[in-house]
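One chain, subunit A, links the two complexes that follow: it is found with subunit B in the first and with subunit C in the second.
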Partner chain A sequence: MPRIAVDAMGGDFAPDEVVKGVAKVSLESGIEVVLVGDSARIQALLDEGPYDPELISVRHCASAIGMADDPHEALRGKRDASIAVAARMVADGEADALVTAGNTGAAVLCAARNFKLIRGVRRAALASVYPRETELPGQDVFGLLLDVGATIRCEAAELAQFAIMGSAYARRVSRQPSPRVGLLNMGREEGKGGDVLVEAHRMMRALPSIHFVGNVEGSDVATGRADVVVAEGLLGNVVLKLLEGIGEAASHLASQAAHDSWRVRLGMAMLAPGIEKVRDMTDFGTYGGAPILGFEHLCIKAHGRSSARAIANAVKVAAKAVRDRVADEIAEAVAGIR
Partner chain B sequence: MPRIAVDAMGGDFAPDEVVKGVAKVSLESGIEVVLVGDSARIQALLDEGPYDPELISVRHCASAIGMADDPHEALRGKRDASIAVAARMVADGEADALVTAGNTGAAVLCAARNFKLIRGVRRAALASVYPRETELPGQDVFGLLLDVGATIRCEAAELAQFAIMGSAYARRVSRQPSPRVGLLNMGREEGKGGDVLVEAHRMMRALPSIHFVGNVEGSDVATGRADVVVAEGLLGNVVLKLLEGIGEAASHLASQAAHDSWRVRLGMAMLAPGIEKVRDMTDFGTYGGAPILGFEHLCIKAHGRSSARAIANAVKVAAKAVRDRVADEIAEAVAGIR
Partner chain C sequence: MSSRESRPRAGGAGEGEPSIVFRWDLDKTYLRTEFESLRKLVLIPFEAATEKVHLPGVPQLMGGLRRAALARGDRPFVFFLSASPPQIGAEIRKKLALDGIEYDGIVFKDQLRNLVRGRFRSMREQVGYKLGELLRGRRDGPRAREVLFGDDWESDPVIYSLYADVLAGRLGGDRLGSLLDRLGVERDAIRRVDGIARELAGDGPADDVVRIYINLERRTPPGRFKPFGPRLVPAFNYFQTALSLYEVGVLDAVGLGEVARALHERGWSGERLRNSLDDLVRRRHLSPGTADRAILVLHRDGQDLQSASERTLGARAVSAMLRLRRRMARSQPAPPETEPVDWEALVDHWVAHRSG
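Let's look at the complex of A and B:
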């Protein structure tokens, strides 16, 4: 069974929800977890509810990085921050993968500083799972979007590697034998998007290990047209945050409309349970997390607002990716095109 | 009163909805319109309902460009296509501005080939109006996003000019004395997004003629944080299409959820009128259109699915922009920074 290092101090509701989530996992699976952080607080939280002490150990460290801290500065000042200690444990072989709901920049930086890139991989990518429509029977209700912020601009060969990495992860984690991969672009035609995207399109079409469905547009992101959407970090980051913000905006918009008339107000009152349902479905906090792909070791970045359930899912996803040897699969696919 | 050339043959519901929209305008305002297209069909449609013959004239031309046609190829083959003839009329001074609901690429291309760039402007931009939340009293319910596809990648100085052009248009058309301008980026901090965006941020902050609120993220797009959102064409295009697609996806998602249980099904049935309301509010087809900014003459690109009401709004917006001398305002602001 894999052993997962969990940053107990990272996240808006840390350490409480993180520890609760890990306690939950210990009762549901055989996954071993090391909780990294303030041991007194962690132990007190563990003592509040049932957990399996055989599967949970605690590694004490004194400091933690805040959600709003500048990652570079914070890591310079706090070498013993929980995320940094947890990453070093994975690098040193004391654990197999890393899970954190903390500062995204710090997670990416700790991975970059402590983990080696998979042989042949040019750059790591942060991938995010997001809910979308499905089009085909058996299709996962979640899509994978990468990169969402580990890079800014990318070269064509880097985007092609993101396609390989995202496809390998989706194949293993969402159990789709042949995930459909799309290149995010301003038009479906292969000539769209300028030199880099035209070249990336050509390279992806030639990859034997992926099922490339061509360019996808902004309007395709929320559909089932592609299971893996590839973009440079700037573009992917804006798209991800737009998706996250849109649910919230829609319900605000609805409540503004409610001031219009009694009829609309009544309609909106009836609407409330439905809105809640849609909000639940699109609540990123309730799902696993975003893998940082391209390193020999996996880091799952859970959403900052993660509940205990989200943390538990993230730990399970990390363990599954380790068991299914996602990093090896990426290495083989990348080696195949060199 | 301004005289507007309207491409009668452009749009999913052309010429019917276009002609109806123009007939409506003629009864509501003093705006003169030249309908460009198949004169027999246009006249037959005009004869179906009331209109003011003093304000509407027809310019016959035999061909038209389809919504799915390749713009370059289509324009090569059809020099007398309605959009091309209408653009030449504006360039020749026979009309003051151009309105089309047809092929966007063809509209941009016809503007680029027939209109001169405003002195000092480096590149034109396609701007799109979209519904969003408001934060401040008196704020327009629509935001302006540019560029959404006239460019792919941009230099910092080009983005700074987009900020000037968008601000001038928003000031005149949405009557906000000081529209808030934001630069779309992957973080709010000024150091985010790489060299081009860092430099664009610096330039925008130094512009005396705009109210720059700094970087905005994907999650800010649907809020009232900025009235004018500036991005290179690739990024703006993906964001716009995502916004357009999201309403549709949300209602599909809701109907999928409806299969879950009778309780959810009941909730969704109650939800129907509310969903319709939100859909109406976010229906791009019911609003004016997207101005192509940077040329001496204005072109308003109405949505392909434009109804008569949307066409009427687009014609009124074009007339207002001409009366308010938006092009002169852009020229002055651009001259001020040279």
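Let's look at the complex of A and C:
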């Protein structure tokens, strides 16, 4: 069974939800977890609920990096921060993968400082999963978008590698034998988007190991046209935040409307079971987290607001990715095009 | 109402002879009895001894405790106290014989007699029955240090702790009666308990219960047992129980090794055992010094309990880490051996949250 190092102190609701999530996963699976953080606080939280001590170990470290901290500054000042210690444990072979719901910048930085890039990979990519409409049988209700912030600008070859990495991950973790890969652009035509995107389109179309469906526009992101959407970090991050923002705005507007009118309240009450079903289907907690791809070791970045359920699922995703040898799959795919 | 069987053995404890008593619950403590569903409950009386399954490491622990006691010059006594009916006794005795367990007495709850007499409340009630039987066993048996083993399914933690405090002279009279009443014990059972408690009090207080081990078969959060104080050790497996007994000197290194090996043979990896050990240290039921000693003892016995990081770091770094841990352990205040239990608060909480 894989051993997963979990940054117990990272996340808006850490360590409480992180520890609860790990306790939950210890009772549901045989995955071994190392909780990295303040040992006394971790044990006090474990004591409050059921857990399997045989599957949980604790690595004490006194400091942690806050969600609002500058990652460079914080890591310089806190070399024994939980995320840094957890990443070193993975790099040293004490654990097989890292899960954190903490500061995204610090997670990417720790991965970059401690993990080696897969041979041939030029840059790592931070992926994110998002709920979307499905169009084809067997499609996952979550799409994979990468990069969402590990880079700002990229070269065409780097985008092509992101396509390979995202496709390999989706193939293994989402169990889609041939995930559809799209390049985020301002139009579907292959000549759109400037030199880098045109060249990236040409390279991706020539890749035999991926199922490239061409350019996808912003309106395609939330549909089933592509299972893996590739973008430069700047653009990917904007799209991700836009999706989150729209979701929050829609929820806020609905609440406001319900507050102002009893008719809306009544209508929403009648729709509640359906809304709840959609919310359950699209809850990011179901997926747990998304990977930082391109390194020899895997890091799953869970949402900062992760609940215990999301953390438990992030640990399961990490274990699955280790078991299914996602890094090896990426290495083979990258080697295949060199 | 109970059905008792004593097994007088050659060489019973003489006056003043040092001895130690081990009192065990049967179901969920010794045996992996499944009564979660009515179907499984109904099948129990029809189970043959060979179909009964003990929890991993228990026979080895019992054997180790006995040998360690004899090696110290203590006469060991083993008693079983069960809330199961005596009708299953024959198969239980066969099972104990199969496991090579030597015991001195076994008590069953005579549910049939309760049923015939229409005492339905008595059939369900555990606290009065078990506490009464424990006190009676003490009155009629050896006066010695005691170690008690139960589980988290019903009321063993509260029963055993009440028993320990009655022996120690910290509970008795009206206060004990009032607590038992709040725990739902019937009036005649309270009177019976009170009578025996008064008889025992005549001998003077004896803080003889060394430890109470609660097997967390239901995975009850261990924090729920904190109000019982450090005397009660909630344990997730019998390796944890063995470690704690090793620390208090009731089990020796050989016995500890046998329990670890028994679990290992049943599929526990060295890492799982190590995690169990570290969990006990974090919960402050095992000192870091004893933990390190146990790791070394088991290592000499050919059992590797090194953590993944220790394996990665290598022998010299591990020695340094152990030295650091010992230094840290010295700077930590040791938990008090006994803390007074706030019985009124505990009983209120227990009654509000009990599931059995």
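Assume the second predicted complex is superposed on the first by the 303 of 338 C-alpha atoms of A that agree within 3 Å, B and C clash if a C-alpha of one lies under 4 Å from a C-alpha of the other, contacts with A are read in each partner's own complex, and residues count from 1 in each chain.
Keep in mind that, in the parts below, a residue touches a chain if its C-beta (ideal position, glycine included) is under 8 Å from a C-beta of that chain, and two chains touch if they have at least 3 such contacts.
As the structure is a computational prediction, the values presented were derived from the model and not from experiment.
Novice: Could you tell me if A:M89 is touching subunit B, subunit C, both of them or neither one (first, second, both, neither)?
Specialist: second
Novice: Counting only touches as set out at the top, which of subunit B and subunit C does A:R59 meet: first, second, both, neither?
Specialist: Only subunit C is touched by A:R59; subunit B is not.
Novice: Return first, second, both or neither, reflecting whether A:S39 touches subunit B, subunit C, both chains, or no partner chain.
Specialist: Second partner only, subunit C.
Novice: Does the superposition put A:L234 against subunit B (first), subunit C (second), both, or neither?
Specialist: Touch status of A:L234: first partner only.
Novice: Is A:A160 in contact with subunit B, with subunit C, with both, or with neither (first, second, both, neither)?
Specialist: So A:A160 meets neither subunit B nor subunit C here.
Novice: Give one of first, second, both or neither to describe whether A:E133 is in contact with subunit B, with subunit C, with both, or with none.
Specialist: first
Novice: In the overlaid three-chain picture, which partner chain does A:A226 touch, first (subunit B) or second (subunit C), both, or neither?
Specialist: The answer is neither, since A:A226 touches no partner chain.
Novice: Comparing subunit C with subunit B, which touches more residues belonging to subunit A?
Specialist: Subunit A has more residues touched by B than by the other partner.
Novice: Where on subunit A does subunit C make contact in their complex?
Specialist: 3, 27, 32, 34, 39, 43-44, 47-59, 89, 92-95
Novice: Provide the residue numbers of subunit B that touch subunit A in the complex, in ascending order.
Specialist: Counting only subunit B, the residues touching subunit A are 131-134, 149, 152-153, 184-186, 193-194, 197, 217-223, 231, 233-235, 237-246, 249-250, 252-254, 256-257, 264, 267-268, 270-271, 273-275, 277-278, 281-282.
Novice: In the complex formed with subunit A, which residues of subunit C make contact?
Specialist: Contacts found on subunit C: 219-223, 226, 236-237, 240, 268, 271-276, 278-279, 282-283, 307-309, 312.
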